[in-house]
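Residue numbering begins at 1 within each chain, and the chains themselves are lettered A, B, C, D and E in the order written.
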Amino acid sequence: MSFISYLVNGISLGSVYAIIALGYTMVYGIAKMLNFAHGDVIMVGGYAAFTMMMSMNTSPLVAVLVSIVVCTVLGVLIETIAYRPLLEAASSLAVLITAIGVSYFLQNIVLLTFGSSTKSFQSVVTLPNLKLAGGSLVITSTAIVTILACIVIMIALTLFINKTKPGQAMLAVSEDKGAAQLMGINVNGTIALTFAIGSGLAAIAGVLLCSAYPALTPYTGSMPGIKAFTAAVFGGIGSIPGAMVGGILMGVIEIFAKAYISTQLSDAIVFLILIIVLLVKPTGLFGKNIQEKV
Amino acid sequence: MANMLEVKHLGISFGGLRAVNEFELNIKKGALYGLIGPNGAGKTTVFNLLTGVYKPDSGSIMLDGDDITGKSTIEINKAGVARTFQNIRLFKQLSVLDNVKAGFHNSHKYSMFAGIFHTPSYRRVEAEMDEKAMEILKVFDLDKDASYLAANLPYGEQRKLEIARAMATEPKLLLLDEPAAGMNPNETQALMDMIQFVREHFGMTVLLIEHDMRLVSGICEELTVLNFGRVLAQGRTADVLNDPQVITAYLGE
Amino acid sequence: EEAAFKIGGIGPLTGAAAIYGNSALNAVQMAVDEVNAAGGINGYQVEFNAQDDEHDAEKSVNAYNTLKDWGMQMLVGTVTTTPCIAVAYECANDNLFALTPSASSPEVTAAGAGNVYQLCFTDPAQGTASAQYIGENMPEITKVAVLYNSSDAYSTGIYEKFVEEAEAQAFEVVETQTFTEDSNTDFSAQIQACMDAGAELVFLPFYYTEASIVLKQANEKEFAPVWFGVDGMDGILGVEGFDTSLAEGVMLLTPFAADADDEATKAFVAEFEEKFGDTPTQFAADGYDCVYALKAALEEAGATPDMSASDIADALKDAFTKIEVTGLTGTMTWNENCEVSKTPQAVVIKDGAYVAY
Amino acid sequence: MTVMIEKMKKKTRTNNLINYAIVIAAFAVIQVMKSTGNLSSLLNGLLIPVCSYIILAVSLNLVVGISGELSLGHAGFMSVGAFASAFFSKSMLDAIPFVPLRFGLAIVIGAAAAGVIGVLIGIPVLRLRGDYLAIVTLAFGEIIKNVITIFYIGIDGNGIHVSMKDKMSLHLEEGGNVILNGPQGISGTPKNATFLVGVLLVLITLFIVQNLINSRDGRAIMSIRDNRIAAESIGLNVTKYKLMAFTVSAALAGVAGALYAHNLSSLVASKFDFNLSILALVFVVLGGIGSIRGSIIAAVVLTALPEMLRFLSDYRMLIYAIVLIVMMLLNWSPKALELRERYLGRFFKKTAKEGK
Amino acid sequence: MAMLEVKDLQVYYGMIQAIKGISFEVNAGEIIALIGANGAGKTTTLHTITGLLSPKAGSVIFEGQDITKTPAHKIVGLGMAHVPEGRRVFAQLTVYQNLKMGAYTRKDKTEIDQMLETVYRRFPRLEERKNQVAGTLSGGEQQMLAMGRALMSKPKLVLMDEPSMGLSPILVNEIFDIIRSLNKAGTTVLLVEQNAKKALAVADRAYVLETGRIVQSGDAKVLMNDESIKKAYLGE
């Protein structure tokens, strides 16, 4: 029984990672940049929802929507101000470092605005929890909603990229920005759109993260951000199903490692498994192994 | 005369595509040999097989009597095969001189310790490399640009630098993949002279891929024509170029 | 210009531990303002300068040096343990006096070599006291589980003494679980293990931020043992948006509870809330008390601002073992090991408020 | 022609000498300030950390700039160096009372330990490429941190005791000494580091890295960075040279760690986390990838900046973040570079045709 | 009025001036060849026309509209396509996806399908390989793809940067035939070529570029017989 319970907990933790990872992988796969501020956008999403629900007393749904809008706008702003000038920079690492700067910036601006004290909010999901096996196995409604959201987002993103023009434009931009322009694709616009979507997802992730683990501080996003990024790589950078599977696996491994091996070493174990997987499959679980033509 | 290269039954597939099939090639020591064929015929793939970038599914490759089939790129280079690439691959952030000196890596050695502490052996070997590198650069008329970053050279010069770098590994067999691509007729003419000079002066065997018929007919003694991964014709240049099959498949007119 | 005592303060004002540093140092500033308004110490005003250390030993030493350049004569800090150890060595080296509001490890006083006094309980004292309290006052409890933060000195320190003392008590520690700073979002595995072990009481020697998640997740699993916390748990009711019903029945040993009804606490809480918008935690109370402890000692020693930092240190070291201070966190005296002695109070959360047990 | 080569070499030599000169000049200035009493406590306290960050930055530059691989776990190697050397010093406190010998050995041990871990990690990891390699280095950095955190090591009359549970499980006898105390790390490492030692170690690091770059091995490393396939085609052993760069870099990071550990009395594994790895990367990128001098300057500026901003109190880290972003934009955005070149062309020649 | 007019264009890379004030025009229905040695500035000129680079001075006018400041992605929509140097195919997309990308600005689905058919007819090899990932195509195949992709937008004016580079003799002839037939079908062509002989043979007029300046221009047939051109560019 406890095994199943661990599994369920792992999946719910994992699906939070997965949603974050979807945003990461999207930006990463298309704009080709490690947006280390992604975790902090999640945190901002959490604060936005918190403010709506606690100070404005709005319903959870409104809070979520506002949070999405806030993060989307934030994402586009960050992209325009801090990343776009470096799009043509000689090294892609330049943007990575700026992203770090943005991450510090977001943490500190929130620290100054909301203070350092922990905030908490009740789950935006108000449905009753699911009880199985006579109550000995509880699956929270937040977890169920998170998993469902994750699947819906994954399918929607896949369809979006493969079936729509802006999606196709993203593929082209991810490969060759110059050639994409020659096709008539607005590269800046496409990248901004990518950020908008990625950040919108971050808002959803933020709300769900804080719903499941209600302790919000200006630094809440960092560690889940890093773990979700790892999950995205685990699944294969740029691969949307990969991000989802990677995220869920990360969560399950983390919980199992805690349950059966060592709580202190759980992170080490998660990372070790990641390394082993990458050594066996160097482009992640779902990564395409593209051979460079010589 | 002994053969420098003997290739038998060579083949490779990519997915369902048989890119090279039952390929045969014999090149005499010191020859200047041409490999031609339509786009996508498998010429570059043959080079990749010869240099160990791809491992063949079938067949064997003998270099100067040694079997090099399935060996790694590095081993094959050490055995005496050097190449250039269809899409130029230079060490862009290194100087022209250093590009060539990198080619001397395996023939001119000193320890890491010597390198860090600038021991006399470091000085001696480096000086030797400098001298030899300049000698090669001079052949290609690149000596004046020795201190430029490779990335800053014009296209045609980059192609020549690739040849210079390959030569620095002191190969027995030099493989050139479309060395004249992107050059105008005058530049091509100069390149032809250089290739011939190199062959004579350094005693190398040269196998080259080229679409510029002026170059091919001007300097290649023998040709193999590849079509759909198979040998279409093989023999003396003049004969091959007059082969009606070759004309329909490749030359046109 | 009028001479004034220069008190430095160091703590994390940014970074993941910012909440502790801000609480403590804000309260220090508040106390300093009060003292000044009331005529200062020995007739002299007090200047306070708070510096951020981001909960990092290196930055903490930088902050310490900055304060030295400013002319600091004594230090309140540092707030967190690891940086405090590094700064304590510096204090010992420079013969500068420091009183830490909250760095509770015995290594702090050891490193300070007589120069660094603690105002909070030492971790061992809390661990021992907690085990004793459970053993003596809760005879119905036989199976106890411990969950602690193995990457944190404070939590580990309490845990160690708790387990040691538990040997002597009637209950049995049936399960020990840990978590780390890097994986403090999900506690389901640990909770499950405590459940499986049949724990009737779970001891939570760590801070309330994590505790709030533990309580929520346990609630989801319908696991409702007695929760027993330490002073770090204080503050849980102040978490904005927290469903306080989750904390119903939680017990903790703390020297301070924000809703105690003595006048001093009430006034302090009211003023703190007005100034900083948050309910003060035990960190704030400790910081506040630090100022009055220093005041008492400076008065005892008859120190004046024209004395050098080193002379003040000598005077304070001498005075501290002699004074008795009654503050928000109880009545305190200090031994020659620089450790405080004060009595913790057991409180339990009932109807969203602390009540004495 | 040899004239031209001589000129190139001279340029390289001058460039390297300038780096040594900058370090030595800075040392001299600081010494003068010290002796005239003009050195603030803050600045004095920053000297040694700055030296170790310079070493860290220069060593990371060897991986990121010279070998062209992104490493996000460099702090892990610094951590290994710091803990190995601090452990040694603390346990040999009585056995080797002669400080220069003990500290010297500690540095060597720190470097060796980090170097060994570098090899162990490098062998599997370097088979990966690009971002996958980066994520694995990040993972290793976290693993190192995590693993160091769970060890408790103590010494008493019966020798060394090790536990992975807690301090009590060491069962030390009376008078025993806990050296590595799990998450609380090592405290009370002797403060043997001095500015002079720091500067010497910086100079040694510069010497090793600069000379390595200008040697046959360095050329091979950079060739592989620029084009892996071409490098193989001229017989360069990719794994060997990547590993060489990685290991030397790890060992030097270990030196940085040893220096760091012997300056602070409180050493915890969590200091060497992802954020520190990133900070090191910031030094390298802000300073100009591959530029040793840039790394040095960036390490100094970025270590001092948050301290210099203390007067901003609450806004300090916010302004720091903004300054960092602005500096990055000014240093890297093509538009800014173009303007800079136009107006300050003489001083900043970025697109000079000639190489180093 | 000329279809494309380039006036006094100056382009810099940082401090280095690559184009030093060139002017030329392309009339509707013409094939114009731009020839010159390596590094003369041919590619730079094309990049500036399609907005990938912005000039320091001068203007580009397309069908009477000043497009000097028009962003690159808006140019295709105006009816100008660019087959870039080095092909620049989307290596990880399939041949089919690449071609679809060429019609990005086109909305009409049947029109797109029609164009696709036309392209497949011109380049049967592309149809054979339509599901192959473009990065693994041979050099010549990629060149065909790049051309096909540009045609997908049904351009009025096509700029081609060394389309014959790396192609087999038969394909070179074919490419020039295609250029000719494209032109017959009403497309105007601005052709940059190293293969000056072939380029001059198909072109109506030509401009000769040397280190960023136009040094000669005129009727292609006349230039072909010019002694200095022969010597410098035709290798005779």
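The rule we apply is simple: a residue touches a chain if its C-beta (ideal position, glycine included) is under 8 Å from a C-beta of that chain, and two chains touch if they have at least 3 such contacts.
All values reported here derive from a predicted model rather than from experimental measurement.
Colleague: Applying the touch definition from the top, give me the chains sitting in contact with each of subunit B and subunit D.
Modeller: A, E
Colleague: Minus subunit E, work out the clusters of chains still connected through touching contacts.
Modeller: Subunit E out, touching clusters collapse to one piece.
Colleague: Chains shared as neighbours by subunit D and subunit E?
Modeller: Chains touching both subunit D and subunit E: A, B.
Colleague: Pick the pair with more C-beta contacts: A-D or A-B?
Modeller: Between the chain pairs A-D and A-B, A-D carries more contacts.
Colleague: Looking at CA centres, what chain is most distant from subunit D?
Modeller: Chain centre farthest from subunit D's centre: E.
Colleague: Report back the single chain whose CA centre is most distant from the CA centre of subunit A.
Modeller: So the chain farthest away from subunit A turns out to be B.
Colleague: How many angstrom lie between the CA centroids of subunit C and subunit E, rounded to a whole number?
Modeller: The computed centroid separation for subunit C versus subunit E comes out at 74 Å.
Colleague: Measuring centre to centre with CA averages, how many angstrom lie between subunit A and subunit C?
Modeller: 35
Colleague: Could you state the distance in Å from the CA-based centre of subunit B to that of subunit E?
Modeller: Measuring from centre to centre gives 31 Å for this pair.
Colleague: Which residues of subunit A are in contact with two or more other chains?
Modeller: 107-108, 111, 264, 267, 292, 294
Colleague: Give the residues of subunit E that touch two or more other chains, as numbers and ranges in rising order.
Modeller: 136
Colleague: Show the residues in subunit D shared as contacts by 2 or more other chains, in ascending order.
Modeller: Where subunit D meets two or more other chains at a single residue, that happens at 142, 146, 149-150, 229, 314, 317.
Colleague: Let me make sure I understand the interfaces: which chain pairs count as touching?
Modeller: Touching chain pairs, listed by label, come out as A-B, A-C, A-D, A-E, B-D, B-E, C-D, D-E.
Colleague: Which part of subunit A faces subunit C closely enough to touch in the complex?
Modeller: 2, 5-6, 9, 13, 50, 53-54, 107-108, 111, 115-122, 129, 135, 138, 140, 209, 213-215, 217-219, 222-224, 254-256, 258-259, 263-264, 266-267
Colleague: Would you mind writing out the residues of subunit A in touch with subunit D in their complex?
Modeller: Checking each residue of subunit A against subunit D gives 34, 36, 82, 85-86, 88-91, 93-94, 96-98, 100-102, 104-105, 107-109, 111-112, 226, 229-230, 233, 237, 262, 264-265, 267-268, 271-272, 274-275, 278-279, 282-284, 292, 294.
Colleague: Which bits of subunit D are touching subunit E when the two form their complex?
Modeller: For this pair, the touching residues of subunit D are 337-338, 341-342, 345, 350-351.
Colleague: Which positions of subunit C touch subunit D when the two form their complex?
Modeller: 13-14, 50-52, 54, 56-59, 61-66, 68-69, 81-86, 88-90, 105, 107, 111, 150-153, 156, 159-160, 163-164, 180-182
Colleague: So in the complex, the part of subunit B that touches subunit E is made up of which residues?
Modeller: Touch list, subunit B to subunit E: 14, 36-41, 44, 86-87, 154-157, 178, 181-189, 211, 213-214, 249-253.
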